[in-house]
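Here you go, one structure.
Order as written gives the chain letters A, B, C, D, E and F; numbering starts at 1 within each chain.
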Amino acid sequence: MSNEIMSELRKDYIYNLMIKGEREDGRKFDEYRDIKIDTNVIEKAEGSARVRLGDTLLVVGVKIQTGTPFPDTPDKGVIITNLELLPLASPMFESGPPREDAVELARVVDRGIRESESIDLSKLCITAGEKVWMVFIDVHVLDDGGNIMDAASLGAIAALMTGKLPAKRFDVGEDSPIPMRDVPVAVTAVEIGGTIMLDPSLNEQSIAGTKLTVISNQDGGISGMQKSGVNPLTTEQINYIVDAAIEKAKELRQKFLEI
Amino acid sequence: MSNEIMSELRKDYIYNLMIKGEREDGRKFDEYRDIKIDTNVIEKAEGSARVRLGDTLLVVGVKIQTGTPFPDTPDKGVIITNLELLPLASPMFESGPPREDAVELARVVDRGIRESESIDLSKLCITAGEKVWMVFIDVHVLDDGGNIMDAASLGAIAALMTGKLPAKRFDVGEDSPIPMRDVPVAVTAVEIGGTIMLDPSLNEQSIAGTKLTVISNQDGGISGMQKSGVNPLTTEQINYIVDAAIEKAKELRQKFLEI
Amino acid sequence: MSNEIMSELRKDYIYNLMIKGEREDGRKFDEYRDIKIDTNVIEKAEGSARVRLGDTLLVVGVKIQTGTPFPDTPDKGVIITNLELLPLASPMFESGPPREDAVELARVVDRGIRESESIDLSKLCITAGEKVWMVFIDVHVLDDGGNIMDAASLGAIAALMTGKLPAKRFDVGEDSPIPMRDVPVAVTAVEIGGTIMLDPSLNEQSIAGTKLTVISNQDGGISGMQKSGVNPLTTEQINYIVDAAIEKAKELRQKFLEI
Amino acid sequence: MICVYEIIKNEEEKRKFMVKPEKLIENGIRLDGRKPDELRPIKIKVGVLNRADGSCYFEFGANKVIAAVYGPREVHPRHMQKSTSAVVRYKYNMASFSVEERKRPGPDRRSIEVSKVSREALEPVIFQEYFPRSAIDIFVEVLQADAGTRTAGINAASIALADAGIPMKSLVSACAVGKVDDTLVLDLNKDEDNYGQADMPIAMTPDGKITLLQMDGHLSSDEFKEGLEMAKKGCLEIAQLQRAALLEKYSSKIEGESNE
Amino acid sequence: MICVYEIIKNEEEKRKFMVKPEKLIENGIRLDGRKPDELRPIKIKVGVLNRADGSCYFEFGANKVIAAVYGPREVHPRHMQKSTSAVVRYKYNMASFSVEERKRPGPDRRSIEVSKVSREALEPVIFQEYFPRSAIDIFVEVLQADAGTRTAGINAASIALADAGIPMKSLVSACAVGKVDDTLVLDLNKDEDNYGQADMPIAMTPDGKITLLQMDGHLSSDEFKEGLEMAKKGCLEIAQLQRAALLEKYSSKIEGESNE
Amino acid sequence: MICVYEIIKNEEEKRKFMVKPEKLIENGIRLDGRKPDELRPIKIKVGVLNRADGSCYFEFGANKVIAAVYGPREVHPRHMQKSTSAVVRYKYNMASFSVEERKRPGPDRRSIEVSKVSREALEPVIFQEYFPRSAIDIFVEVLQADAGTRTAGINAASIALADAGIPMKSLVSACAVGKVDDTLVLDLNKDEDNYGQADMPIAMTPDGKITLLQMDGHLSSDEFKEGLEMAKKGCLEIAQLQRAALLEKYSSKIEGESNE
């Protein structure tokens, strides 16, 4: 009960701010919280990044090993993305098998990388049909301050861009960078009382009901989208978010993901 | 509580009918409900059948792939039978790992096919010790109207008899029928108040306490039996059921499983 | 509640006995309960032992098969130890995935064998990098009368010492004994009211809060230790237990594990 | 060297046995004869199951799905109850035999995600507050899959909810739009899904509110907007068929009740 | 090409290391020296465990099983309680080392089925209505398997129930009949099970009520009836040994209590 | 022939990519430049997480762990409640990327044991009786592992408990002692752990009570006693750093609050 009252109060508070054109942390509606990305923070991983996005904190580790390709793509490497909402990150996350939220987040991060063709999978082939590079991207969420999606996506790309193929250790040549050819960036928006806000905080996200994530590429094209949550959106809202997200992605890419 | 009262009332009702020589749906004691079998209903499966037995509805799909034989039977194919009591089929079936009923049903269907030697396993060998056909028989129960056992058995045999080995797709020759050499048929009976009834409806089955399934072959021999439920049976009851089941199996085979 | 009262009473009883220098079953503080070890009790296993230690009863079975070595130890065999606290052994043991106690016991037994180098793993190699012996040690606890740890350890070593490598069955030569080169023995102590007692009974163990197991070798050296339980121990208590355990292990080894 | 093939192959339907066609659209006509903005044939049967409170069989091209609804009913386990509304649960499941290469039974990560977004596609139209402390359970079983199973499932579930008498603000309709050979096309088939450039399933209420939106692949911002309009038109067409099927059942109960 | 060997080999004990004998019966005598209607040697010890409320060690030829009974006791989880009778649970488990090729620990589909039919074989003789809301738990552990473990388990469990003081209408006895070299034989051993033509385990009360009946293989209707009579005779023989073992324990408590 | 590599490799961190150095100690100096009784560099940050009630980031050589504490809070599931004290739970988890060869996510037997002994190492200092029917949850996440993760985790968890305001009798400090090249050394690094002769992690209260003690390898009785003293000295050094880190946070809140 007391939780429900708290939730009502928070909703009123944020809603009233919004009417005045404000957000609880003083940001503009299209403004992101502070972002800090540190790479190569885990020396034992082939690539890694620690991302702070406001109060959200997560670590992405990339492990790379050799393995056998899929029968239907004998000349392509394999990407596997996993995301854990660790119980230390929030009182809401319990131990046990991954919740549907974690599965959804992992799959959207994965599709963002895969569908944007940001990694050149054919360059992950070592011997066609026999041996390819398997890239495991593991996202460990340590502190949930809202908008894990964008933080995870930033972290995954940052870790990949600064990672390497450990060819020497596997005795298949010299180490080399992971063959990247695009830099997809996820931008997530919520709608509250008719107003669109980017990078929702935990409170904003909890009252918004629905998020829309748009992943766009260097050329401004869209490589992934995901609506998550029970509230419907209108076409106008969606189109507005798409345009805002593509714009914001350019800014984030330039600021944080230039090689 | 109300469930228990309902169950008592149903019991009285069916019991009183039985004394008058009747069943709730007007059938004779050795009469089956309407049966409708459609084959090749799933084009992507190598064999398939949809079976209606009264209110019971299920789909059997047979998938066939190549695989490695067991070390102790290097020249024989492999049959794997699975049965799912899907939660859409009954308010009693919940999601999660298969219940013991589903395991028992799957294993009895499997033994009916395996022990009757209805499939010639040696003809499923492609290269001895290396490559054989693996036949997966999956039974999906969509609506539980009682006597799933007999419906599943009919569906499995019908799907196998109209299925094919996809040799072309696996690049090991031309497609051919699944090598069948017998047509086992399961007949299930219950005992209520000293009377034996074949093909129990959901209500009959729920008050009977014990079912006896007899699987018999073209030559009238028995290839499988399973008593299921907590009530004991006398030798006389069992022998009566065995004779009735063999007789009924002939009828069902002739009517529904002639090639 | 009544359980808690019972537990309080038992605690008082054992504590008062201890003050008088006595134990509930009349033993001295450093005395073990009766031990009976029978080997080769399971003919289908490659090695086996049934151990009674007071009221505790367990069976250890050793199964040996060929398998592939680990990539980092291509010329060494593999030991895998498993322990099940079967629900028939105690009202406290429920079915389901192994409890943390079972996992701890299995791992301590395993380390006792592995770290003492009691099995010469390099003699378990058949073809380096390709084929080695895999030794599965399974401990089935049938009756929990306390101090499962020491009984399991005795049983594992006794089963190994009387077991054989089934080379004939796997077509890799003649059968031979398992290559043993040491005889580690686990001795477990508890501290109750400042007094150290070896081989705790179920009651003693339940009130003691903490056990310390010391595994020692033929040369009197220590090859494993494990403190288990929430009560702390002082350095003096630990050192006393270490000396007593090494002494007692010699006695047990001589009495029960001479080849 | 390790092999994760086992893990992965249960995740997504594999394309092992297929060969990429040279062209997917020729002279403005797709390989299956459709125009770019044309849906595949749809077949709907309402109330096909006896035990379920509501049910629907839905064919969408070669997709064959069946949806069943139970509820409002008691919630197990109890701690999942909500004190002010019903909890809606959605379970999407693919039969092992529904795809070319046999799928291992049981849920995988893909089906968990599909179940989540499909549930969220339907929740907005259900009057959940009418049934506090109870559950509305939706089960969708895919008997044959051919690209578009999640939209077929939502279409079927929407009808099954109505058939179960669950109070709803409206139906929900769903279909995908995609890009193949640089052309936007409605309702991708399997080949178009495998070899196309983008896939975007949506679900919509009749008044144009979007309740599901996902996208994979490559679309420019303009293509996206155009595609969204095309998908909306497709949804409206489907909505008419859904209404017709429900009407048919309730006008002529005799015909629609039992035979599939 | 896939390999399901991993899944399957845990299902059934494999016959990898065996070679089929040329004849299983010669001059009316079976390979282990028995006549067709002769049981394997049986050894019974009652009350072999301290913690359990009742227990029994049972050897049936080379089979070695141990049964323990706990109860009546509280039911966990609560929702499994029955308001008017005890719930009976039966867990059949094979030790990893009980068979030629090591079995992976834990339940598989075979042990789930064996547990179910074994429980149903014993339920009819237990006065469950005496203990509403409680559980009677039966655990059967197979230490060595050699064809006939489910019947050995039922025989042991029946005695363990009596040893635990659970009120019963009668004991239950179980054995199998089979067909090898076209001859009906009682109580199949491993070779006869592997290379025989039929296997039919039954369980029975002393007054001839059948509480378990399963059959695999090939039998004519007449063979079945004849076999059923042979199995019933076997069960009666076993019933006498079961009674004798219980009597021995309760007449000479000193002897039977602790040493196995 | 079977392969259990899959099972095993998740159990223990593998040493696939390492080569044994010829000597681990040369002229009394270890390969990483330390003297035998010297700890690796330690770095502590208190209160690094916002959501958790208490938290601590702890670097111990190349080990990087983070501990979070939630509680006292409600216990789920309810039947785990204790009526007279809090239940303490400890979950040790290694990130997949924390080791050379990727670890499969989720608990394995090793992490279950580490969680158990770590919990037991901390329980003696927590006033559990102050919070009946509640839970104190400790989560330890290993971001990078380099021998000594369990002791690093206990050190971090002890600080996180204090940071969460859980009433404690004292802190707990932990480190390992081992034997390499026949010499006792404090706080093994990865190479020393892999190629050494013994490894013995301990945990201790400031007044010398041992709350965790494990040992693997080969030690004489005298070496053990000497090693125990060496480990105790190490624990006292760590205790001072733990206290300093806590003091620093509470004296200069501005500095210690957010930046890691």
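What we mean here is this: a residue touches a chain if its C-beta (ideal position, glycine included) is under 8 Å from a C-beta of that chain, and two chains touch if they have at least 3 such contacts.
Since the structure is predicted, the reported quantities are computational estimates derived from the model, not experimental observations.
Chemist: Just to be sure I understand the contacts, which chains border both chain E and chain B?
Modeler: Intersection of chain B and chain E contact lists gives nothing.
Chemist: If you take the mean of the Cα atoms for each chain, which one ends up farthest from chain B?
Modeler: Most remote chain from chain B, centroid-wise, comes out as F.
Chemist: Express in whole angstrom the distance between the two chain centres, defined as the mean CA positions of chain A and chain F.
Modeler: 31
Chemist: Between chain A and chain D, what is the separation of their C-alpha centroids in Å?
Modeler: 26
Chemist: Roughly how far is chain C from chain D, going centre to centre by Cα mean, in whole Å?
Modeler: Centre separation, chain C to chain D: 57 Å.
Chemist: How many angstrom lie between the centres of chain A and chain C, each centre taken as the mean Cα position?
Modeler: So the centre of chain A lies 49 Å away from the centre of chain C.
Chemist: Spell out, as numbers or ranges, the residues of chain D touching 2 or more other chains.
Modeler: Chain D, residues with two or more chain partners: 76.
Chemist: Would you please write down the residue numbers of chain C that are in contact with two or more other chains?
Modeler: 65
Chemist: What is the shape of the graph in which nodes denote protein chains and edges denote touching chain pairs (line, ring, star, complete, other)?
Modeler: ring
Chemist: Could you read off the chains around the ring in order, chain A leading and chain D following?
Modeler: A, D, B, E, C, F
Chemist: Quick check on the complex: what are the chain C residues that touch chain F?
Modeler: 65-68, 70-72, 78, 80, 100, 103-104, 106-107, 111, 115-116, 131, 134, 212, 217, 220-235, 238-239, 242-243, 246
Chemist: Applying the document's contact rule, which stretches of chain A touch chain F when the two form their complex?
Modeler: Where chain A meets chain F, its residues are 42-45, 48, 55, 57, 59, 61-63, 65, 82, 84, 86-91, 94-95, 136, 138, 140, 142-145, 169.
Chemist: Write out the stretch or stretches of chain E touching chain B in their complex.
Modeler: Interface residues on the chain E side: 1-5, 7-9, 14-16, 109-110, 112-113, 115-117, 120, 123-124, 200, 205, 208-221, 224-225, 228-229, 232.
Chemist: Which of the residues in chain E come into contact with chain C in the complex?
Modeler: Within the complex, chain E contacts chain C at residues 17, 48-52, 55, 62, 64, 66-68, 70, 73, 76, 91, 93, 95-102, 105, 137, 139, 141, 143-146.
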